[in-house]
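By written order: A, B, C and D. Residues from 1 in each chain.
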């Protein structure tokens, strides 16, 4: 028996509107059709009507979870266009906030993964910890989510000694707590059993479908813009690119946990080596006609902004590519032949940020559709195919 | 007089009213324990310590608009909550709670009542399935099929686990089983394995995490109850709560020595023992994550069923060698 | 008496449905954050429900995109009476930075009737909680 | 590999298909090719230079022409392939055969600029909302949006 189930646009597993249309046979998904556009707001057109400064606040509101990433990516590009360089202290504070945001985003993701797997206690614990980093961000910037720290030529708020100490303390608390809680998570067999072997994406598929971020890194691809194309401070900071080879949701979890630890390290390095001086330089109002490609490793993967100026106060074109969009073809691949029960997990595993992806795009994809009458031999072939696609390998190890 | 007494039994204690009050209390207890285990406060501001929260939920749902979807089978859709409620209330009457004539024997007590109770507890599963199926909503239908799939998993281990103490006690009557274990409390120990198997199976029967697959909200929205609203949902919630009380009462009666002591002490015994069982169920709910429906079936046939057989073997050996 | 019971139960047990109408995620995570240990809305009997059929209060965010407009109306109609809508965040109130973009309607009240507005970009979890409680106070 | 080496290598590999190449900033190489050569160029880039990761495709309305920029990324930095198609006859060859992940961005181009992508594997129209009027392409510079009047709930005070 085959029937269609719609997931979304309003669905408890998705905090944001997107529509997934699944063709299922029993509990097995045979076909996936993604329909976006529910969150499309037309931001790129809007950006052409705003000034350079106004656009910082616009790009910040592309997404609430990675708001600093988009703003930073944009500001990096505009600084190159205007040929100014932020002062060292300003850059350090900017990327400190960026790393804190990565911590908040990854903790959020872990909680969501727990929730999608029906492990609400894990969700509650990680989100309780997340409040620590939210407090730190609030102390630095004055707001919990849209920090508005960036300005063209630096940042808008300085840190003092007391705050630096508080942040270091906070990171220490976070580190011990995350280690403790992740140990709990690793020892819960139902949880690990739910994650291992789910949502398989082989390395070759990940390359072909241009996957980015932790999704690609969990398939064994060492791609991290912070290392490949180090912007501003990242060539001074020691850190490792985290990868896993298991190609499944467990691998993606492991990658994110390792990245959390790396982020704690980066934050500590940035705070301990915080140079003295100004935090911002004055920026001109206009930019010469030019074009620039700005890349930034957001928590979900590579953010890329293409900015073109035409000598006026407004950009000629601002093109935003958010990481989630790049991961959609991979998601469709992962969902096929999975179980209904795994839809939320697989979908959550790319850490979908639909609002990012949809500032301008929609897509409809993957359709075979035709009904088939199956004979027993075909059924066996199908089963074999399914097991080929879904190897239950569990060689991803928890980092503790 | 006898008629009046029967009506009293049916409506007040241990019938409708008592089960309503006690099941709402149990829901509160469950929610509170769950919340405290998650570092939260749980219901706090409704009544003292939030005790009245489930009652408020019930009355709110009763006062809400009742929507019946156009495509649904209207008669079935409307009847199911009432029938389900009636079934679990009947099951509640079978518990060996206080009654005047035969102390500790229950309102209705006869040899074989444990079997009847087990079957009455199987019926809600069918009600859930029909509820999902008659809604004609894709999510409800998947929820309904999941209900049935799970039934194949946990039902047999549950029966075997619950019946092995009965075999040891050599009786099919709950009051007598309880009496037997009260007389020989040491014999509770060999049944420990069965107790935990029964706990897990009851958790699955009640569709709570890790077995909340039929209404896994992140996967299939509200599952079987997606289309239910207002009064019908209120009845279903009450039904689940009473089912929780009755099945924990069953486990307590069979494994923990029943509820002796007449009206006062017997009630206290009942409350303490059921809360003990419910605490375990809440613990299980807080500590695990939802598993897949195929994992449920393979888990119960790979682990639960063999262990239940082992339990049966232990019981038979003890019975043959020691008694 | 019955009326008072009903009123009391409605105030004490508001079940919410979270609805995203094209928001930037910030308000949404703040709504979810309100469920977590620090804020814990379950203290007030608030439960996050999955389907509109079970909900009393629709907590909606976002400037309402053209594509989701019809779905929002449908979800609003699916919710049984009595129902209330809380618009969370500047977007749901007026469109925020997206006001004037070609694909947004500019506020939730353009589409469905709204009972309470919670300002902020994003609204803090405590503000959202306050909004829901204040709304119930008007019953 | 430095930017200079990359530039030289590209010149050598692509030969006369390469119209122009520049290196405005560190790790950023911009090159221009003709639209008809696109598929062949990407074939070469993928096979000989190992560019598998297409970050995105940007379109720019430059008055007479549409400028399409393909942003490729790898460990050395960022290679941008630029091409131009006339606005009067906006046809663009698809590169999905070479890089399957390009499908999204090509559909985005169809959607936002009204560019016709030839031989695209999934040509379903990409009108944004379901009720979007046909023939409106928001990112064209000459497209203006007329905001409808807003309803003020409860009337104007």
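Following the convention adopted for this analysis, a contact is a pair of C-beta atoms (placed from the backbone, for glycine too) under 8 Å apart; a residue touches a chain by one contact, two chains touch by 3 or more.
Because the structure is a prediction, the values reported are computed rather than measured.
Listing every chain that touches subunit A and subunit C alike gives B, D. Distance between Cα centroids is largest for the pairing of subunit D with B.
A separation of 23 Å divides the Cα centre of subunit A from that of subunit D. Centroid to centroid, with C-alpha atoms defining each point, subunit C and subunit D lie 39 Å apart.
Distance between chain centres (mean CA atoms), subunit B to subunit C: 35 Å. Averaging C-alpha coordinates per chain places the centre of subunit B 61 Å away from that of subunit D. Annotation for subunit B: residues touching 2 or more other chains are 38-40, 217, 221. Residue positions 36-37, 50-51, 65, 67, 100-103 of subunit C each touch two or more of the other chains.
The set of subunit D residues touching two or more other chains comprises 128-129, 138, 145. Contact topology of the protein chains: irregular, matching none of line, ring, star or complete. Screening every pair of chains for touch gives A-B, A-C, A-D, B-C, C-D. By the touch criterion stated above, subunit B contacts subunit A in their complex at residues 37-40, 138-139, 141-142, 145-146, 209-210, 212-213, 216-221, 286-295. Those residues of subunit B lying in contact with subunit C across their complex are 31, 35, 38-46, 50, 52-53, 55-60, 63-67, 217, 221-222, 225-230, 233. Subunit A meets subunit C in the complex at residues 9-10, 12, 15-17, 37-43, 45-46, 57-58, 61-65, 67, 108, 111, 123-124, 127-128, 130-131, 134, 144-146, 353-355. Touching subunit A in their complex are the following residues of subunit D: 24-25, 27-28, 30, 52-56, 58-61, 69, 71, 73-78, 80, 99-105, 107-108, 111-112, 122, 124, 126, 128-129, 138-139, 145. Of all residues in subunit A, those touching subunit B in their complex are 3-6, 11-13, 24, 26-27, 114-122, 124-125, 128, 188, 190-191, 193-194, 339-344.
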